[in-house]
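In the two assemblies presented below, chain A is common to both, partnered first by chain B and then by chain C.
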Partner chain A sequence: MNETELLTWLRGPGLLIAITIFVLGVVFRVIQNLAIGMPENLAEPKGSTFGPGVATVFRRFKFHRHSTNRGYFTLIAGYTFHIGLLLTLLFLDQHILLFKSILGFGWPALPTVLITFSALISIGALFAVLVYRVMDPVRRKLSVYQDYLVWVLTIGPLITGYLTMHPIGLSYTLLLSLHIISAEILLIAIPFTSLSHMASLFVSRWYNGAIAGYKGVKS
Partner chain B sequence: MPRDEYLTDILRRQGISRRGFLKFCSAMASLMALPPGMAPAIADALSKARRPSVIWLSFQECTGCTESLTRSHNPTVESLILDAISLDYHHTLQAASGTAAEEAREHAMKEFFGKYLLIVDGSIPIKDGGVYSTIAGMTNLQMLEDAIEGAAAIVAVGTCAAFGGLPHANPNPTGAVSVLDIVKDRKPVINVPGCPPIPVVITGVLAHYLTFGTVPDLDHHHRPLSFFGDSIHDRCYRRPFYDKGLFAKTFDDEGARNGWCLYELGCKGPTTYNACATSKWNNGTSFPIQSGHPCLGCSEPDFWDAGSFYSPLSTPSLGVSKVAATAVAAGAITGVAFGLYDQRKRKKARQQHKKVSVEDLGETS
Partner chain C sequence: MTTAQRAITAMVEQIDGPVASYFSSCVHCGMCADACLFYTETQDPRFTPIYKLLPMRKVWQQEFTFWGRLMKSIGLAKSVTDEEMAEWEELVYDTCTLCGKCSLACPVGNDITYMIRKFREAMVASGHAPQGLKEAMKRAIEIGSPMGITLTTLQAQIKHAEEELGYKVPIDEEGAEYMMVLSSAEIAQFQEIIPAVARIFKAANVSWTLCSTAFEGTNTGIQIGSSDLAAELIERIVAGAEQLKVKTVISPECGHAYIALRWEGPNLIGRPYKFKVQHILEILEELRKQGKLKTKGKDETRLTYHDPCQIARRGGIVEQPRNLINQFAANFVEMKEHGEYNWCCGGGGGVAANERAEERRLDVFSKKKQQLDEIKVERIVTACSNCRNMLEDGLDHYNMSDIEVVGLTETLVQFLDDTNQAND
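Take a look at the complex of A and B:
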């Protein structure tokens, strides 16, 4: 298989396989959680569940005022990474073309230089949280193999993407292939790892909010 | 044209001045990425070069490569270099036909055994014994096999000869393969791909061979690095627009009129290695991107099977929307099914739950 064949496969059958597993897996996990349902509650609640649930989904995006210094580090590094990743993913012209070809609609892109900056910031934040995870004894003990695996899977597309835009050493074809394959591996891994929080986050936050808003006895 | 005539004699007779010849040599040195000081060396070597015997075999091809090389523009030094070689067999260009033509080929192969340059354009069909393309009752495969042994070097001209090209495209009904697939490492093979290839590139390869008597430095696809070392994208004059994120969205929008980058219109410049952006076409007039059309990537292997010419490199080469929609539906159905199954399991577990009283515990202890 030559470089062109590899790229064509990754843009075709490879992408179809990755998207199928990703979409099917994520939808399955969310729907299954919802379909399990909750046991019927016979006691009359004082409050409602839906509204507080939705409010909590958004409320938890806010900074907590009473965070410790270490807590602030996690918050700031976490936010920096996620914002950088989302800007890079959603506002690079080449990515918008991909979304447009799948969804049928696109949106305006941000200047390439800004995306390059956000990708670098995102990569930097990922390295910062890795160093913190390794250096802090408590976090190190709490970390499992999967935590390091998802770190590698997440930083892969960011680094290969940056190199594709600024080719060093390898050809553009090979770098683009590496970028696409790393993104496809990430897509495939999402439903089976803690990365599924990209979807389950909203369900779990809502559930927490809903419990708090219930204000009643559980029978 | 006598065979033992020097190249400069032939050029002089064609009206090419010494000055014109030196200008050509300087251009060649520049194109081949040699130091400027090499121009006189090239001139010296070419002056002393005798006409090498060239056998040109045309197989599964459209004659576009020959058209490109021989009729691209008015006679210049480049085309005269082609005239200067002793083209002993080229069934499109030669006057002879039938038995006489084949005899000329066999004669040249015998007389210049080990010395002739073998140029091939077109792919070689190997399916069903190679019956899908024959010349004078001989399969292309057999004709190539016969000519390989006595060749000093082999030049595969055009994408069909270099990589299989259009005949090799899916589903490849004739089992078309490239010259390199047949020759392997028996002889040095120089690939000059392109659909068609740039005339000056083939002239450059010939000039290099005449000057140094060796094949030029090649990349992993056996293409001369001096011409195929940079991508179209890296040498494109529209590159600054790519870097700024300014793209033409359609062929007639403001971006297209302003000469912005053609990436969104499917340009394959980033993945294509060729000299179009530097040496250009039609006597250096223009090249596809300059005329407003995206690069098709014609000098790369399997460019016919790399999805639509007009879909950007970052988009899928197959339709994804329907598959994604089906995956959503399948995920939802299986999610509901598993959720209901879990509910049932929970209900069953509750029903089977046995309550244990303090008395029961007392009995067991």
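Take a look at the complex of A and C:
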């Protein structure tokens, strides 16, 4: 298989396999957590569950009223990384072309220079959280090998993507192949790692808000 | 079955949808650490709330996830050991009051306290629980009270109350509207609660009673993490309430009694109650709104209110005590973080009953000290006898005993305008 054949496979069957595992895996994970469920609450309710659950899903996007330095760092670095990643993923014209080929419709792209900037910001935020993970005694204590693995898997597509746009002597085809491979590995890893928080956090927040809401408590 | 297997089986039983979802979502950000006074006051990373659940996370991973199951099946994953459970006993019992502040701080929405409550079930199943709590549990089951309070003690307190009041304190009165349950500490130490309640209900002209077979509301079962024993204690109250055919059972000024009786009780015994359960503060607030709780005069003392975690953050009773205090207090100030965001006293969740944890619980009271130093009050009003004892111990430890600690009901009653009714 030469470079071109590899790229063709990655863009076709490879991508299909990765997306299928990603979608089915994430859906399974969420359904599993919902299906395990919880027994009916026999205590007389003082409030409701659905509304407070939804409210908590949104409320936890906000900065905590009594945040500490760790909290501010986590939220600022976290938002910077996630927003940078989403802008890069959703508004680079090459990515939009890919989405159009899958979904049948596209949307306007942002200027490449802006996307380059957002990708770099995102990479910077990832390095910041890595340093913090190693330096902060709490986070170091909590961290397991998977936390470092998912960091590598997440930064992979960002760095290879940046290099594809700014080749460093390697062939464009090879760099693009590396970029697509890294993105596909990331997609496949999501359902099996803590990266699945991208979907399960909505369920978690909902459960938290619903359990509290039943008791008439704001959470 | 080995003790480790018993622990694993109990954890598998305890892992429900929320727990599985919470573990799926945790990204080890550590933000919960800053919501735990055992971490903030010691800076020991082991006291990070989510870290206290590591063995349970392991079980979730190995039993509920594809990767974990695969690793376990090929022998690459190590199961939870008895040594691990023994090591975590300190983290789960000595450095967690089930206060719930971490559950508010988690950005992915994990209710960590909910998980620790469940993890304690596995601790009990594998024989790992602090001696102090085990003994309190034994007394609760055998004598009827974790502090060893008997009906004779209660009867003596009732007699004193009647002498003070000049009228009978109702006990075992069938068909009364309210049945008052007390906490051990209220019977043993804070006896003023019985005459206080009697005066309030007489002034409000509502019928109430104590029950000779169900006067103890403290539930060590939910603190230690034994649903079976917790259910047995709840059944005693349910039987008493049903026998007396009361409409409402009143939960006392005790945080865990409220959680046990109001929220966990029906689920522990597997059926809804035939009566309502309300906290004493909810009842007082209802009476106030109906104009049946009139007061006269104002307390000029600079005072604050300490929210018991299980009553405010985990129980939703936040406004009621403030409305009640404002009725008699002219100089009420709030701590910076209050209501749902209040800092725990450090003695809840069985920590105060666990002698081994005493030194640390007094040390971490430095958090409450900081809160109090900011507002410089002469008095702390609270609504939980366990908090009350812990506050007194903590103030004493930090040479702040000039600050007085009082219960809300008994303070309110000092301003009760019941002269007319009492003479009826």
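The definition used in the following text is that the second predicted complex is superposed on the first by the 215 of 219 C-alpha atoms of A that agree within 3 Å, B and C clash if a C-alpha of one lies under 4 Å from a C-alpha of the other, contacts with A are read in each partner's own complex, and residues count from 1 in each chain.
Going forward, a residue touches a chain if its C-beta (ideal position, glycine included) is under 8 Å from a C-beta of that chain, and two chains touch if they have at least 3 such contacts.
Bear in mind the structure is a predicted one, so any value in this text is a computation, not a measurement.
Colleague: Clash or fit: what happens to chain B and chain C when chain A is overlaid?
Modeller: Fit - chain B and chain C, as placed by superposing on chain A, sit side by side.
Colleague: Could you say whether A:F50 touches chain B, chain C, both of them, or neither, answering first, second, both or neither?
Modeller: Neither partner.
Colleague: After superposition on the shared chain, which partner residues are touched by A:I36: those of chain B (first), chain C (second), both, or neither?
Modeller: both
Colleague: Under the stated touch criterion, which partner chain does A:L7 make contact with: chain B (first), chain C (second), both, or neither?
Modeller: first
Colleague: Check the residue A:Y148 against both partner chains and state whether it touches chain B (first), chain C (second), both, or neither.
Modeller: In the superposed model, A:Y148 contacts neither chain B nor chain C.
Colleague: Under the stated touch criterion, which partner chain does A:L24 make contact with: chain B (first), chain C (second), both, or neither?
Modeller: Touch status of A:L24: first partner only.
Colleague: From the CA centre of chain A, what is the angle out to the CA centres of chain B and chain C, nearest 10°?
Modeller: About 170 degrees, rounded to the nearest 10.
Colleague: Which holds for A:F127: it touches chain B only (first), chain C only (second), both, or neither?
Modeller: After superposing on A, A:F127 lies clear of both chain B and chain C.
Colleague: Taking the superposition on A as described, I'd like to know which of chain B and chain C A:S194 touches: first, second, both or neither.
Modeller: second
Colleague: Based on the superposed arrangement, let me know which partner A:L98 touches: chain B (first), chain C (second), both, or neither?
Modeller: first
Colleague: Considering only the touch criterion stated at the top, classify A:S204 as touching first (chain B), second (chain C), both, or neither.
Modeller: So A:S204 only meets chain C here.
Colleague: Comparing chain C with chain B, which touches more residues belonging to chain A?
Modeller: Looking at chain B versus chain C, the one contacting more residues of chain A is C.
Colleague: Please give the least Cα distance, whole angstrom, that chain B and chain C reach in the superposed model.
Modeller: Minimum C-alpha separation, chain B to chain C: 7 Å.
Colleague: Where on chain A do chain B and chain C both make contact?
Modeller: Overlap of chain B and chain C footprints on chain A: residues 29, 32-37.
Colleague: For chain A, which residues count as touching chain B in their complex?
Modeller: Interface residues on the chain A side: 2-5, 7-8, 11-13, 15-16, 19-20, 22-37, 93-95, 97-98, 100-104, 109-112, 171-173, 176.
Colleague: Chain C touches which residues of chain A in the complex?
Modeller: Contacts found on chain A: 29, 32-39, 41-44, 46-47, 56-57, 60, 64-68, 70-71, 74-75, 78, 133, 136-144, 147, 192-194, 196-197, 200-201, 203-209, 211-212, 215-219.
Colleague: What residues on chain C touch chain A, complex-wise?
Modeller: Chain C residues touching chain A: 15-18, 20-22, 24-31, 33-34, 39, 43, 45-46, 48, 50-51, 64-67, 103-111, 114, 262-267, 270-273, 276-277, 313-316, 337, 340-341.
Colleague: Flag every residue of chain B that touches chain A in the complex, lowest number first.
Modeller: 221, 231, 233, 243-245, 247, 263-264, 270-271, 273, 297, 300-303, 305-307, 311-318, 320-321, 323-324, 326-328, 330-332, 334-336, 338-340, 342-343, 346
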